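The structures considered in this document are given below.
Each of the two complexes below includes subunit A, the first together with subunit B, the second together with subunit C.
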Partner chain A sequence: MSMASDTSGGTAPAAQAGEGTSQIPVLECRNLSISYFTRAGEIPAVADFNLTLMPGESHGIVGESGCGKSTVALAIMQYMGRNGRIVGGEILFNGRDMRAMSEEELRLLRGSQIAMVYQEPMASLNPAMRVGDQLAEVPIYHEGASKEEALERARAMLESVRLPEPERILRSYPHQISGGQQQRVVIAMALLSSPKLLLLDEPTTALDVTVEAGIVDLIREIAAEFGTSMIYISHNLGLILETCDRITVMYSGEAVEVGTVEDVFEAMRHPYTRGLFASIPLPGADKNARPLIAIPGQLPLPHERPPGCNFGPRCDYFKAGLCDRGEIPMLPISGDDRHFSRCLRIEEIDWHAGLGEGIGKVATEKGDVVLKVDDMTKHYEIEEGALFFSGEAKTVKANEKLSFEAREAETVAIVGESGCGKSTFAKVLMGLEEATAGKVLLGNVELGHMPVDRRGPETISKLQMIFQNPFDTLNPSHTVGGQIARVIRKFGVEKDEAKVQERVLELLDIVKLPRDFALRRPRQLSGGQKQRVGIARAFAGNPAVVIADEPVSALDVSVQAAVTELLMDIQRENRTTLLFISHDLSVVRYLSDRIVVMYLGQIMEQGSTEEIFAPPYHPYTEALLSAVPIADTKVTKRHIVLSGEIPSASDPPAGCPFCTRCPYVIEGTCETEPPPIREFQPGHRIACHLSEETLSAMQPVIQIGDGTEKGDKGDEVSPAAAAESARRSDA
Partner chain B sequence: MVKLIGRRLIQMVLIILVASLLLFAIFDTPEFKRRLAVQELGGFAVSALSQDAYNEWLARRGLDVPFYQRYFNWIGKIVQGDFGFSYEKNRPVGPLLADRLANTGILALCVFALMIPISLTLGVLSGMREGSGLDRSITFLSVFTTSIPEIATAIILTVVFALGLGLLPAKSAMIAGFDPWQLVLPVLTLVIYDFGYVARMTRASMAEVMTSQYIRTAILKGIPYRRVVMKHALRNALIAPFTVIVLQMNWLLSGVVVVEVFFEYDGFGKLLLEAALFPDVEVVQACTLVAVVVAVTSQIISDVGYTFLNPRIRFS
Partner chain C sequence: MAVTSLSPPPVPLLKRLQKPRIAALIFAIAWLPLMAYVMAGDQLGDLEQYVLVPAIPAVILLYLICMAAFRESWIALLGATLVFFWFFIAVAAPYLPLIDPNKPIAPFTTPLTEKSGFFFWLGTDFKGRDMLSRTLWGCQRVLVWGVTATFVAYVVGTAFGLIAGYISGWWDEVISFLANVLLSFPVMVLFIVILNYLGPSGFNIVIAVTFASAPAIMRIVRGLVLDVKTRDYVFAAQTRGESALWIMVVELLPNVRGPIIVDACLRLGYTTVAITTLTFLGLGLQPPDPDWGLMIKESAKTAMLFKFSYMLLIPALSVSSLILGFNLMADGLREMSLRD
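Showing the complex of A and B:
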């Protein structure tokens, strides 16, 4: 099952890959199998994995957590830890089998021919060593450069990855620079000896989306400039679309589909790939007209994989007697360029039929205003140097004059990146912090100055929260049923013990968990199931308002859709007001009615979902929209990449908080004067100094072309837009 | 950094003041005053004293003034180096304390000089290859030696090396002046008891560092393994053991009474024990105060050192 023997690779999409069939691949994995050995025995992590990477090609590997994608990267590096081992197949680098190499040969390859960029830049850099010294090691040990020479090379490379003040960064320790800068340092380290192969393992997952956009841009440039071959590992299909030529979709330790990005995105031939696309909110999905379709069930654990097709238990096309026998091979798709799928029923499935039941739902009527936030302000005083030496107090403006409303049955999304103040806002609402000024009215109860211990059970039950990490909020030693029952009793929904138990079972039904889960303990549940319990608990007291703080972002993509839909259904049923806190504009676009965009503690823009996604934009909204990767080849985006990083909330600019990064900044005004808030439509407000004409003249950022013809890869960077953004970053 | 040290120093002074106040108050009861009189004048003489005569004695000793005044008198004397008088040893406490501290210092130095290199090397070796045969042997050895009480080690060592083989002196009283041979057995006993603890701390710290992502980065950028260990791992792995070692100073000062008594080594711990049994009030007070000062100082050294070694804290 080697793909190298496949000669149809003549039309490789990457221009750099060239037409020649004589080229040897930079990297080839043949029938690679990797296992971990634990006390419990052998746990297969990856099986029968094939990959051919031609020079200059970028290859994406996508999959959910536990699918084995990172294991593949570490296997290529021959760094498996103590209990991991390659149990079969081979890895050829430039035609040489890496498994036959000595430790010293590997060392000479690592960091010079093959380099890697990691998910968490902070953890990947030595905290006790200056950045310059860490960078300099590469030329020193691979090329015998002198210390001065190596530092000079490091400085030059920091400039090429567009880091400001390279000298200062060379002298810094990793924690003294921001996350985005750290990742640029790691990338610079990887590029220092011009590797042939660059492995990127979720390089932007830990970063904010506008910072991510800059890194993705840089990665694309590197590929074009140095001709480096890349393997880009991600769980985000949109990022793969923006960076790669070819893609491997992995599921439960196996590659299930391989092909060019165009083929896989537009003519996928594996039910899992199709399910994945149906479960992510793409532009065009709509919670009422075209809801997401979740993949039923959950990922099997490595030692509980079914016989035959690993995807079998979750597949709509599963055929007993066929799909549950023996090993399923990768089968070629005729007519496509090196396109394979690990499915036995490729020919029988009607790939053009829509994914069926996307049952349309009725949009709910919005009711009266339930929650009213009026000039709410939260400042923190941080004292430098407690005890004896009192330094001057600093004010962190976590929330500055927030005003908005939420109606009954409405979903209001609060969107922003780190430091934007959305979590502080949630804390004030929940009564964990007290507002410094302004009002928060729930019905006619003022909450801003009422800490949680002074709120009655009535008020508390009316305002509930769903957390990002269901793992942290469930008590591990109590049963699921017990925890839900406690909430019911606490809020006095039911008094009678039999009724309480009945209500617990009802709630389990509502969140679509089997009733016997009442007796289970949290550790026996998967992430998605825990989040369902979290939802059941939040809705146990019939709340009027539920704050959902990134409720699905810790979950796997295929599980996210199911939980999102569930939340929407319950909300519809109960006419709950949902405050949805998120950084993910795709999800937000899909499920919210109104959006509040925040930056550094202030509201930059608010309006209905349509208003936010269409011009006029606030300059920050515009950049945010452009930064979100979209996994749809038919979508074209205007390319706006912000320079710099989000300033610290303890030291915000005096005028517009966005002025340090704004491409439109008006010199002399924006830095010093707070921007006026202008209302464009009733409820659509933008805080900016730009004139109404300028704002209104903005072009849409995201456009959905009809792009029916195949192979029309959305070219995100139109020349005009590129020139435009270049002009801006010069200014 | 300077701020931190300054803050710590102030805290240190405060802690010492509070401790000294407590220490003074505990021994400032009528019973202890009477006891002092007994020690100074003799039991019979005191029981023969009339109340007036006793009061007169109190006045002569400056014990009849109000509490705070007595306390400040006491502190004032101590600051001038006058720690009082030991009736048991029949000499001023100051020089007595100095002698004993010097002896304990010598002992502690020898223990550190052996224990630090042994335990760090063993800890690093075993943490570097967690789960290997070497690691398991070292871990077993450390747990084993630490779990034997010092007294048992002391007895075994004496039986074998002093009584059996006759290679080393069994007692370390140093009656005929300083004799390095007499140090060997107590030092060995303490090292055997102590190195396992530090070695295991080092191992844990090293093992954690070796599995950290930045070590992976260092290995995967292709620098030689030796350099990965020496430059990237050690620096970070030794921060935790450093603090532990500094805090061992306390234990070596007053926690080694058993060994000192067993070998009849005239150290600080033995002095404290003898004074407490007698009871030699002013010696107990002086010793306790010294112990507090050492404890607080070592805590400061450990904190400041930790901050200094850890750039993540140092610059934030």
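Showing the complex of A and C:
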């Protein structure tokens, strides 16, 4: 394990490869093919998959849903279910073929030599067992340790996954600790038997960004500390960049490109990889000057894959007679270290040419204020622990004095993590809840105290919503056309039945869906298509304001780009005001004009997009910016990891809501007094106790350099702010 | 409508008949005459002889549709076959060459013997009535009253479940409390109390079954609604200003139907048992018309002798086969719903 220490620094250089070949790989997949057998016959899930994982190396597998990345992980664990089978190739673990091992050998291997961390931490823990007992099982079962010894090791391991109060957590049941803590426990459990190989299947997807940043940090440290080899499965290229040495890009059951993270990110040699990068909003992208480029078409179903290159039908460089002639092997790329691509035209494609750059769009003029939120407050009263009326009433401050404006044709992003009150805000706006105090003005109509049943169809149709989950947004029992038509009729846009139907087809045209989708039911549509229908439905009543609640976060990246662009185009066309609720600052930076940063029901900072992304920052904005993974090797970030978890909204701190996690907390002030709101530029407001000079002196978090100073993360926290915090805490 | 220009590709006939509306229409053609025949046969007059004629092809067609729809699960196929066998017998009984079920001919004739110029496949009962004829005729009443009672219980239970689940608040408190009170009675006690009070008749059985089953159905629907009502499409309907009734009927009801249908098949079995039991206790359908429960009751004493046990076994096995059919259908439907 001598090389573990120098290769595991997160994004290690490719230098270890030559040294590594002399060693036995921890894991080697050779020409692996996996199929599922269903009533419809054999469905090939993964074909011709190769992977070599050296000791201490971390390897990322990235791809969109349905590309087979999780199937690979399950095959490595030999957990294929009843209908899955490895139909070709071999998996070598430490040089031994796992397919030749007996059930008993495999059982001993799993958990002790190979461990896996799944996406949903709660699903990986037994809810009826204390954390300590679950952790202790690992050494007891695999090494025959005594109970005391096992518990002691569990406690030590909880410490090394940076969990505060390990004693308390050992005694807790899984539901008593937060999602981030659960995932740390799962990782601790995986590490307890010091496995040689750790499989991580989307370990942070279910977590909030700032919590995710902590887990990613932990995974990096583990690699350094324990020298564990890792396979990290994710759909997020930015996370792979932060955690892995090498990367495999998968598409439709095949690896299309393999190489070191640097090679693949900077000199990608497969059109799909390139398409993937063009469709994620990197810091340089801009909705007007450099719009995102979505990959055209759709992922083929496993039994409908085209002959030859699976990506062929969607590829700009497709050459009939060459690309569709038969199996395409992985071809090495000269000059790079173990960099392969499954493309026959590597030499012919000009990889430096821009991908359709220059189709810039004209920025829209912003109009008058359409929506004005003025000191809007929403409190919920809950009675706790009381059978009847004797209980103590508790107030949940879901929204506290929100004030902002949105203009015509403007995109205002509301950014925040779970529990920040954005859903409550949407409910008040849509009329499902009444505001406790303050006003919400849509034009001249006061909406804050007008529930939806008292609003006229005119007002209702002016304010519509696009939802997050594409699988939930449409009623599965009714046809697509019927659901859009209902909105048109309900809002009285058209009365005549023929005209209603015509309008439905027009709307389908607008969201770029075929007209015969009107007769389909939602289950026949893909996630992206459903989201388009959701958009068509929201725009059916010609709304003035559309609230989009994370409309693309559940979609695959290439689909995300298409849906984002669609939304932008419709907005330009109709001059709609868009309230874009999101936690993803990359998307927000790309499409919004103004940003409102919320934390625990309060606005921490608001301003134009440029103002938010440049200092002065609110400390929370700073942490949020640092937490978002960016899939660009040229970007350097300051590295701020927040400790702890988001407090419960029913018991927020008395002063600044962020004081429990703020790195610059001024003790004695932040906990007790609400922070003053200061205006730095017209419209750029920050709610913080730190002095104006300190906030202005903060360093930018994200810097786009030429990539040379990569790895040099600079100061973690802002020195001026830390200094002020220290000075004023003493006083 | 411009949509018509996009003609869908040709679909096989059975597939097209599987569309809910068409299947429901065929079911109505098969079911309504049978219901009229059993419930109001006396008032039909001359029509009584012809009313079931259209039902016979409808039942056969319905069976074929079910075969096509259930082909994924042999359990469901078996169940449907058992159920449709009795359904077919029920509509075809008047036209089958059967001996009058109420005519006493030769008492205590054992099966497969000839007596008084008749061949008795299944023998006769203690009054000399043909067992085969009585068994086949008997399924009409069990089937019609069982299905009607279950259906009414479902309408009531689903309505209350939707209200309790969707509107919640005080509605939920009151409805759930009443349901708990009703559920705390043993079912049989509830039946006996209600029927003693209202007097034995088919319609009163419907009322009794509704009282006994609706609370449980209400709970199932309420639970399903509590889950479905958090979906975004319900939220979208609310923010569109739809009325509560519209949301319950159009947005929620179609999405809770799957588990309800499976449960309905199971409950049909329970109801059949209950009706047979009630008749056996003398609280249900009244003599002399043939009915399985009645047949079991009447032959209970004579069947003590092994030689005459067939009088009891034949109707008992008939009840079992019908209930088994319903249960297998429920199992198959559940299995199919899990697969998707």
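Structure notes:
Rule of thumb we're sticking to: the second predicted complex is superposed on the first by the 678 of 731 C-alpha atoms of A that agree within 3 Å, B and C clash if a C-alpha of one lies under 4 Å from a C-alpha of the other, contacts with A are read in each partner's own complex, and residues count from 1 in each chain.
In this text, contacts are C-beta pairs under 8 Å (C-beta built on N, C-alpha and C of every residue); 3 or more make two chains touch, one makes a residue touch a chain.
Here the structure is a predicted model, which means the values were calculated and not measured.
Bringing the complexes onto one copy of subunit A puts subunit B beside subunit C with no clash. By the touch criterion defined above, A:N475 reaches subunit C but does not reach subunit B.
Once the two complexes are overlaid on the shared chain, A:I677 sits clear of subunit B and of subunit C alike. Panel annotation: after superposition on the shared chain A, the angle at the CA centre of subunit A between subunit B and subunit C (CA centres) reads 30 degrees, nearest 10.
Once the two complexes are laid over each other on the shared chain, residue contacts for A:Y141 go to subunit B alone; subunit C is not touched. In the superposition on chain A, A:M189 makes contact with subunit B only, not with subunit C.
Touch criterion not met for A:V493: it reaches neither subunit B nor subunit C. When both complexes are overlaid on chain A, the residue A:A614 reaches neither subunit B nor subunit C. Looking at the shared chain after the overlay, A:E502 reaches subunit C, while subunit B stays out of its contact range. Superposition on the common chain places the nearest Cα atoms of subunit B and subunit C 5 Å from each other. The interface of subunit A with subunit B does not overlap its interface with subunit C at any residue. Those residues of subunit A lying in contact with subunit B across their complex are 77, 79, 81-82, 103, 107-112, 115-116, 118, 120, 123-129, 137-138, 141-142, 173, 175-176, 186, 189-190, 385, 387-389. Residues 3, 6-7, 10-11, 130-131, 211-214, 216-225, 227, 231-232, 235-236, 309-312, 315-316 of subunit B are the ones that touch subunit A when the two sit in their complex. If you check the complex, the residues on subunit C that touch subunit A are 1-3, 6, 8, 72, 231-233, 235-236, 238-242, 250-251, 254-255. Per the touch definition, subunit A reaches subunit C in the complex via residues 39, 430-432, 452-453, 455, 457, 460, 463-465, 467-469, 472-478, 481, 483, 486-487, 490-491, 497-498, 501-502, 505, 515-516, 518-519, 537.
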